[in-house]
Structure formats: C-alpha cells, structure tokens
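One structure, as structure tokens, below. Some questions next.
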Amino acid sequence: MAKRNVKAASASRAGKGRASATAGDDTNITALALPPVALSADMAAYFAKCEEKLGFVPNVLKAYTFDMAKLSTFVAMYNDLMLAPSGLSKLEREMIAVTVSSHNRCYYCLVAHGAAIRQLSGDPPLGELMAMNYRAARLSKRERAMLDFAVKLTAEPWRVEEEDRERLRKSGFSGRDIWDIAAVAGFFNMSNRVASATDMRPNSVYHRQSR
Amino acid sequence: MAKRNVKAASASRAGKGRASATAGDDTNITALALPPVALSADMAAYFAKCEEKLGFVPNVLKAYTFDMAKLSTFVAMYNDLMLAPSGLSKLEREMIAVTVSSHNRCYYCLVAHGAAIRQLSGDPPLGELMAMNYRAARLSKRERAMLDFAVKLTAEPWRVEEEDRERLRKSGFSGRDIWDIAAVAGFFNMSNRVASATDMRPNSVYHRQSR
Amino acid sequence: MAKRNVKAASASRAGKGRASATAGDDTNITALALPPVALSADMAAYFAKCEEKLGFVPNVLKAYTFDMAKLSTFVAMYNDLMLAPSGLSKLEREMIAVTVSSHNRCYYCLVAHGAAIRQLSGDPPLGELMAMNYRAARLSKRERAMLDFAVKLTAEPWRVEEEDRERLRKSGFSGRDIWDIAAVAGFFNMSNRVASATDMRPNSVYHRQSR
Amino acid sequence: MAKRNVKAASASRAGKGRASATAGDDTNITALALPPVALSADMAAYFAKCEEKLGFVPNVLKAYTFDMAKLSTFVAMYNDLMLAPSGLSKLEREMIAVTVSSHNRCYYCLVAHGAAIRQLSGDPPLGELMAMNYRAARLSKRERAMLDFAVKLTAEPWRVEEEDRERLRKSGFSGRDIWDIAAVAGFFNMSNRVASATDMRPNSVYHRQSR
Amino acid sequence: MAKRNVKAASASRAGKGRASATAGDDTNITALALPPVALSADMAAYFAKCEEKLGFVPNVLKAYTFDMAKLSTFVAMYNDLMLAPSGLSKLEREMIAVTVSSHNRCYYCLVAHGAAIRQLSGDPPLGELMAMNYRAARLSKRERAMLDFAVKLTAEPWRVEEEDRERLRKSGFSGRDIWDIAAVAGFFNMSNRVASATDMRPNSVYHRQSR
Amino acid sequence: MAKRNVKAASASRAGKGRASATAGDDTNITALALPPVALSADMAAYFAKCEEKLGFVPNVLKAYTFDMAKLSTFVAMYNDLMLAPSGLSKLEREMIAVTVSSHNRCYYCLVAHGAAIRQLSGDPPLGELMAMNYRAARLSKRERAMLDFAVKLTAEPWRVEEEDRERLRKSGFSGRDIWDIAAVAGFFNMSNRVASATDMRPNSVYHRQSR
C-alpha cells in the first residue's frame, strides 16, 4: 500500500515485454471455436443496430452465432430481463448482474456489465465496487437488501426461504419485483457458467468505457 | 437400517394425522401469487398441447403466466436446450438437469426432472440416484465425465479451465457438445434459483410417474 | 421443465440399452467383498425375523456378517436408537435419519430410510422431500426445529452451543429428547460414512416400497 | 512468537483472577443434566474396573448413565472398535479418533483421546499434533494414507470413491483394514456430534496425563 | 450482455441523483475515527516524499497516524517486502497482492494495488483481471504457479505442503523466492483484514490512475 | 473414550519404535533451509536477551536470520503488537493469536502461543481449549465477543461490517481496542501463512512448558 508508487517511475518498465493478459480477446472469443452460420435476417438487423449504437457487436452475441435458434432465444430473454419495464431500474438490474458475477468471478460478465454500471450510474467507482465487494459500497437500504438476496440466492439457493422474501417486501419490493430480482440473478448464474465453461472473452473496448 | 421395518406394521400409524409435506403444491404454485394475464394465442396452443400429451400443464409454466413475454422466452429457450437436436441425448440432458438440481437442492426441478429420467431411461432408480449422489450410480465413462463437468461448473464456475474442457474432449465430446453441456447446466442453475427464490411447487402428479 | 414430456413417447427409447444405474446392488453389497462368517444363533434368529417380517435381510446387515461382534453391536445400537421408547416418534427419528443422509448424500441410507418414511408417514412425497431439501417441506414448527438442529450438528458440529439447545427446548423438546435427536443424528453421521467408505448398496426392493 | 516470554515474568499475573476455562468440567458433565438411573450389574462392574485401572470413570460413561441400554450398547461398540484385534494398532485407531475430532473441533474427544495418544505413543507432542494439524506431523506413508482417508470421509463423505480405497490398498491396507478405518472414523463422527450437542466435558485429569 | 448499451443513451440518466458509492472515502478513512498524533520527524519526511512523488499520501498511512510506532513498523515492513531487492519483480509482488486481496474481497487493497498493476505493467486490463479472477488472465507458467501458491496459502494454509513448494521449485523459484511469495501473500492476508475490520477507504484518485 | 486406558499398560508399547512426530524440529527449522547471515548488533543483543530470559531463541527468529532487514521489521512489529501498552491485556492478545491459529491449523503458532497462554493465564487447559475450539471454553462475554470478531475476520473478512464493530463496542471495546484486535488477528493471519508455507517447526521445549 504505502510507498508503492514512490519509486514507480523507475520500476514501471518491469512489465514491459510481457504479453497482455487479454491477448486475443477480440479474436478468439471462446475456447470452443465453433464455426458461425449465416445470420438470420432478424439477427443481422440486430447486429447492425449494435454496431450503430454501440460501435461494436458484443462478443457474447458472436459466441452464439454457431446456431441461430440459440442466439435468438438468448437475445430475447436477455432483452426482456434487462430492458423491459420493471419495478427495478436498469441500473439496479446491472448491479445484480455484476454482484452475482463477482460471486462467481466471471471475467466476461464483470468486464461487460461493470462497464454498463459505470455508464448508467455516472459513478465509475460503483462499477469497480460491485465487482470487488458490494458490501463496501455506500448503498441505499433498498439496494443493499436487493443485493443481499441476489448473493444468497447465488451462493446457497437451497437456503432461501419465506423470511428472505419477507425482508425484500419490508424494503419496498413487490412480489413482481422479487420475481425480477430472482430472474436477473438466475440469468447471470446461467450466463456466468456458459462464459466460464467456454472461456468467453469480452471485447477489449469495454475496459476503457466510461472510466 | 436394520430392523426398522420389522415392527413397522404397528408403527405405521405414527404419521397419520399430520398434514402432507406437499400440501397445496397444485394450487399455490409460488409464494409470490402473481396474478395471471390472458394467455397469448401461441401459449394457449402450447398449454393445450401439454394437456393433451402430458395430461397436465407443468406448474413452472403456470408460474410464468403473469407475463406472456417472459413465458414465451422461457419456453423457447427450454425447448431449444432440452429437445432440439444435439450430440447429447435427451436422457443425458435430463441427467445434467437433475445432477445440477441435486447440488442446488431444488425441490421443483428434482421432482419434475427426476420423473423425466425415470421415464426416459426405463430405469426408475436412476432418477433417484441422480437426485441423491450421481457418484454412486453405475455410469458410463462418458456420462461420468459429463456430470463431473456439470457439477464443477455449478459449484465452482471460477475454477473451470482448459484442462476441464480437455477431459471432456478425451471422453469423446465435441466443442459443440461442450457448449450444450454448459448451456444445460447453466440453464438449470438459473431455473433452480428462480424456483428456490419463489418457492415454486411441482405438480403432485410427478411424484407418482414412472415408478 | 416445460415441454419435456410432450415428445417423451418418441424419445423414451433413448435410455434403452444402457446398464441399470443400480446393477449388482443385490449381490455386490460392498466394494470390500469381506467373506462372511457363520451367523451366531442370535443373529441367525434375527435374520430369520427380518425375512419373515420384511421379506428380505437389509444389505447393511449382510455387510456386517464378516464379524459377529460388529454385527451384533451394530444391531443393538440401531434398534435401541430407532425403535426403543423415546419422546421422538419413529417417524421423527426416520426424518432425522434421512435429513442427515441428505446432507451427506449417502446413497444407501437415503434409499433405505426414504422407504421407511414413505411407509411410516403414509405420505410418499415426504420421503422424497427429506432426501432433496427438508426446508421445502410443509413441516410443523417442532419438526423444523428438530431438523435444523440435526443439520447444523451434521454440517458444523463445532458451532453447536447453548442457544441451539435452547431453541429446541422452546419448541417443546426435553433434555432427554435433545439427547435422542443428537444420538440419531450422530448415528447416521457414522452410518453414512461407513456406507460411503465401502460403497454399500441398498436392496433393490427398497426403490419400489410404499410408492 | 518472538519475544513473548521475555517479559512474561512480570506479565504472568494478568490471567490471575479469571475463572478457569474448564470450570465445572468434573461435575456438570453435560448441559442436559439427565438424572442417572441405577447401574446394572454389568455396568457397575465395568465402572469399578475403570476406577481400578484408570483411577476414574470417563465422563462420557457417566453421561450415558441416564439409560442402561444406551450405556451398554455404547460401551460394547466402543470396546469392539478400539480394543478388539484388528489390522490397525491401538495407536493407529487413536490417531484416527483424534484426527477426526480435530476436523470436528470436539473438545471432549480431543482431550480424552489426545491423552491416549500421548500415553500409547510415548511421544507426547504426537497427541498435540494430531489435534492441531496431522499434516504437520512426521508420519509414515501408511499413517498418512490412513489419516487422509479418514479426513476426506469426515469432511466430504459423498466424494469417497474407489480411487480412495485403491490408495489405501496401495499403502498396504486390506479390505478388512479399510472397514476398520471407516468404522473408527465413523464412530468418532458420531461421538463428536453427541459430545458437541450436549456440551460434554472431559475429566480434568486428562489434561495432565502423560505430558 | 447483448443489447445493454443499445438504449444506454436514454437510460443513462437512471443513476443520476444517487449518492456516490465511494462518498467520503477521502475524508472518513476508517470507521474507527482514531485521532492522529503528531508525525515523527521520520514519518513527516516520508509523508512529504509521498506527496512529492505520488501527489498524495495513501490513506492507509493516514489510518495509522494515531500511533507512530505502529505507523513506522508498518511502513518498514511494507517497503522491505514490496520494494527491496528480490527474485520477484515489483510487478509480480503486486500481482500477489491483488490476487490475495481478490480472494479476500478487500476494497482498499484491490483499489490501491490494482492501480499499481495498471501502472507497473502498462497493461491496464491486467489490473482488472487480477481483481476479478486471475485464472482468466493470459499468464506465464511462472506467474500462474506463483499465484496458485498464493491463493492456496490464502484459502487453505493448513493444506500447504512440500508438494506445493516442489511445484514452485519446478517453475524456477528458489527457496528464497518461496519465502518472498509467502511473505507477500501473508502480508496482504494481514492488511486485507485490518482494512476490512476498520472499513478502510482508498484515496479516490486511485480509481482514475493509469486507465 | 470409555475403556481406552483400561488395557493401556499392555498396549503402550505399540508406539515404541516409531520416529517422533516432531523429529528434527530443533534443527530443521524450515523446509527452505535458507543460509543465515551474520546477526546485526541489535539482533545479536536481542537474541542474547532471549537466551537469558527464555533459555532459548524462538525458532521463528532463527527462520528470519537469512536477512537482517526482514528479521528486524518482524521483531519490531511483533513486539509492538503483543507487548506494547494496549486496552487488551497480554493474555487477551495471546488468546486472539491462538484462536486465529486454530482456525488456520498452524502448527508453529499453536505450539508457541499455546505455551504462552498456559504461562500467562496460570490455567493450562485454557491453552488447549483455545487451540481446539474456543467456543467450548468458559469465557467472559468480553473475551467471547473479541474472539468471535477475530474468527469472523479470519474466516470471512469480506463479511465484516459495521454491525460487527458495533457488537464489540457494546462489549466495552473502544475504537482503539478494535484496531488492536484487528491488528493482532491480522498479524497471525500473516504469520500462520509464512509458517505453513515454509513448514516452520517450533522449538521442542514449548511442548513441555507450563503444563
């Protein structure tokens, strides 16, 4: 901690020469190297929209291009969960995404959704904190109750019971909100595992976004 | 173990009078009691098909009837994963489903998918064994490798690496098969959590199927 | 979950041809293959009684026939714990047995004592639920307190303290009842480990009992 | 570590005045305070023998005096396991006892059986090491294999499989020896839990034995 | 993942209005609010050097200003471990620091030392990866062996044995290097806990460094 | 438990012939065998003082003699933490040391600091109990709160929050006392790991001290 940087100027050459820790992330998107099929018309339009709005197609979408049915069901579920109207704000849904992904230590999701939190919140360190330890962040009681539920559901789903739901209700969440918290936490427990199982790599551009 | 049943005839009255452990499972499907909306035409047709082929609509589908978009994306993803062509047989996919659900101790999924294994395998104890401890079952090397991967991915996704994929390849699985194992394991890590978060209850008819 | 069974008729051949997951359970009772000695007069009488009342001799008893002293001390302790007068009903003792065995994922004990719960309770799904996740069952407060204690004692015996005993007393258990809960939970923590260490296999008849 | 004792002479008064950490251990043997019944003739003779040979009756025996059937089945099983002929020496059985009790952090068993190891081995630190971390002791390969099996069986019985038994066989253990390792490890997994559940206290004399 | 950013422009206002997750980090450095004493001459000089070279005094140093003896022993140990000559490069020592802090999910150390890795390596994503899951980074065999040892030592120190040291030796580390790996990993296991126990907050400037 | 010692006289030869579990502890202090350098004047004086007051130089100090800077920073930090004025008594600091070392199962620290507790407390079994399971000791509420905090900080530092500090304050600890509890617990989380990583062996004389 203390004096690390005092002598950093002279030391900073130490890392030069080593390959980047993220070498190949933009080209070798998974360890499975599944050959893509032609995009369906719907998916081609969707990819074009990503390029237009984001400037790139997220690697997770490219990872699914080996099978149009799988790509389109993934996109449909993702967009419904994260973007459709809900009692949870988009930022709250991203906070669940990153907190779950932090428990599961998922490289892809932490990078991509950490960037989303930085952008949606206008508070870049919030993205870092969700990835590190959400308990250290200055959160509202509502946010904390939501994330405590998501983390228990991730770590020990077999122990979630009525008293856990009751705690959410006392923090102002409706039954429908509880469903949405569970569904988003569940979705990232799925995506984290698909990403880890395939060594999915995030677009390198995420690292620099909204810093 | 030993003499338990020797005196069971006289003892068997002991349980009489207690309420069933599954009371209400067919009527109170989740603890959230979300009011259903009208089924879309597609979903109405799908429910009718379930009634015709199965004799009932699985409770998980009823649980989603509060929102047609969520119901139809769930059905689309489920059917693609579990029923579409794959290098994994339908039984193998159900074995992954139950082994993951056993790790997560998910009541809904163990009951519904345990019944599926009994039916698909024609070997009822296989359904029990997957729910208890897959390591005790007499499995082929291929099945064992597949389930070991699914369980590691469930328990410690952050530790899955190339050597785990390599083990699957050596057991004869292709890159696409690895994706499918991951996707099914991931899907039940999602569904287990939605079920546990909402106290989802399986149709009581599953308990008696294919015994 | 959803449409699994819709197409099951055509799919159900998939499992045909694979060996049963329980192949050999009635003949290769443990992986140690210890040669039996002649039964003592007492034990011969006891085995005859099992045949008469149950229709078979439980495999755990056969597993101990390599040594009459070990067989008879096991039988004596088992019968005292599970069948002698106690403030706990026989069903309650079996519920502890299965809940502990579920935590330890013990194939032998889950099969044999799951059957006992189905029989004693007249509520077959109760046997399944105890094996899957006792927290999902509709239990009385007394049953739940008893099983929570048994599971904590199984998982983290070093953390059991006066406040845990106090919780049992508040649920109506006497000091002697607490001993009996501990003794039954302790016994299955022993038996689960002997069974797992030796790959003990349950009589196949248990799978079909009291369904 | 370093200079702790340098100033200990002046500091050593610090602890004076606090009650002993083991206050009441010889009189309040369990937290349940179950009233004893009259000893049976057999058990009275056995207690007399303990007094004669050991100079005292171990508290665990006193703890069971509320019920003669339970006392005598416990004594029968204990003596068979720990004292009857076996391919495992008495010291090896005590090493299993303490290693298991160390995993379970059981005060009663660590104190009573730690004393036994000090006495049987003539190597007092061996008793301490088994209670602290058996991996740090200088053990033979045979002892280490035996204790590794006992600890895995204690910590994760559901993961014990043929390759674990094979490792024991390669270290020279017979099938019967494997049974005995499992049975002793199992027994202390039972006794540790009965002791922890009841806050069983060891005779204070053990602390001073064979130092 | 997929379409998150497509609609982000309109959604990005959602986070506005909430307090920053790091509010007060530069002023309320710990939850203990211990009043500082006057800096000793040595420490005043050291703080001045920090200001000159880094532009600020790291908060961990300010946290220790309640006691000059504690501050100076901390600084002495830190500087020896992280900056003195060693077979480990400064970057390697920082990689150990962050990997250990990631296991322990320590907010202070992840922020401060993550910044150091970004700076020393000239590879900003490396700092993120060490904080998320070092297993996902493209590392040399030497780096991976070093971090595997540090993480095992952090998670289960009781299981570190000769074969773990041997693995390091085979990766080219000397006995002295092994000491240094252990000492740095040990130091951050200490610092992580002091930081977590006191809710220590990193200087906000770290968040923006070397991005 | 029961009859173990009844036949111990005849059995006690069993251990004869085996090498001591602590063979070499006084000569092979670590597995790294780092060659010592000449002691600095300060350290030579300090070692002489150890010899005079304790009768020996603790092995941990000898382990550090390969580097005078590391030895002297270790000694300075150790002596400040364990011997300087504090709201915690020296015995309380040793109780934290041993309770943390028990969680981490550190042979060196349990032996050396267990001896310190025996000496400082005048209650030898207290040293054993701290090494076995502090929850079984008869402690004051203050001691228990202090050790509960130290153990949580050791096991799950990421979960320590304001309510944990508040519990300490309610038990009478000041902010400065909380720092000292954290610093001592942190220090032994460091030392335990350095000792485990290097297989550090305690002076054999500790085993016999203050019994």
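The first chain written gets the first letter, and so on, giving A, B, C, D, E and F; residue counts start at 1 in each chain.
Here, a residue touches a chain if its C-beta (ideal position, glycine included) is under 8 Å from a C-beta of that chain, and two chains touch if they have at least 3 such contacts.
Note that the coordinates shown come from a computational prediction; the quantities given were computed from them, not determined experimentally.
To fit its Cα atoms onto chain D, chain A must turn through 180 degrees, a value rounded to the nearest 5. Two copies of one chain, chain D and chain F, touch each other, and the residues they use overlap strongly: the shared fraction of interface numbers exceeds half. When the interfaces C-D and D-E are ranked by C-beta pairs in contact, the top one is C-D. The chain with its Cα centroid farthest from the Cα centroid of chain F is B.
Relative to chain C, the most remote chain by averaged C-alpha coordinates is E.
Between the CA-based centres of chain C and chain E the separation comes to 49 Å, rounded to the whole angstrom. One inter-chain figure worth recording: chain A and chain F are separated by 43 Å, centre to centre, where each centre is the mean of the chain's CA atoms. The centroid of the Cα atoms in chain E and the matching centroid in chain F are 26 Å apart.
Averaged C-alpha coordinates put the centre of chain B at 23 Å from the centre of chain C. Of all residues in chain C, those that touch two or more other chains are 74, 105-106, 133, 158, 161, 191, 199. With chains as nodes and touching pairs as edges, the resulting graph is of another kind, matching none of line, ring, star or complete.
The chain pairs satisfying the stated touch condition come to A-B, A-C, A-E, A-F, B-C, B-D, B-E, C-D, C-F, D-E, D-F, E-F. Against chain E, in their complex, chain F makes its touches with residues 31-34, 66, 69-70, 73-74, 76-77, 80, 84, 104-106, 149, 153-154, 157-158, 160-162, 165, 175-176, 178-179, 181-183, 185-187, 189-194, 196-199.
Only residues 133, 135 of chain C touch chain A when the two sit together in their complex.
Taken in their complex, chain F has these residues touching chain D: 1-9, 11-12, 14-16, 18-24, 46, 49-50, 53-54, 58, 60-61, 74-75, 78-79, 82-83, 89-91, 94, 102, 105-113, 116, 119-126, 128-129, 131-133, 136-140, 191, 199, 204, 207-208, 211.
Here chain C touches chain F in the complex through residues 158-159, 161, going by the rule given at the top.
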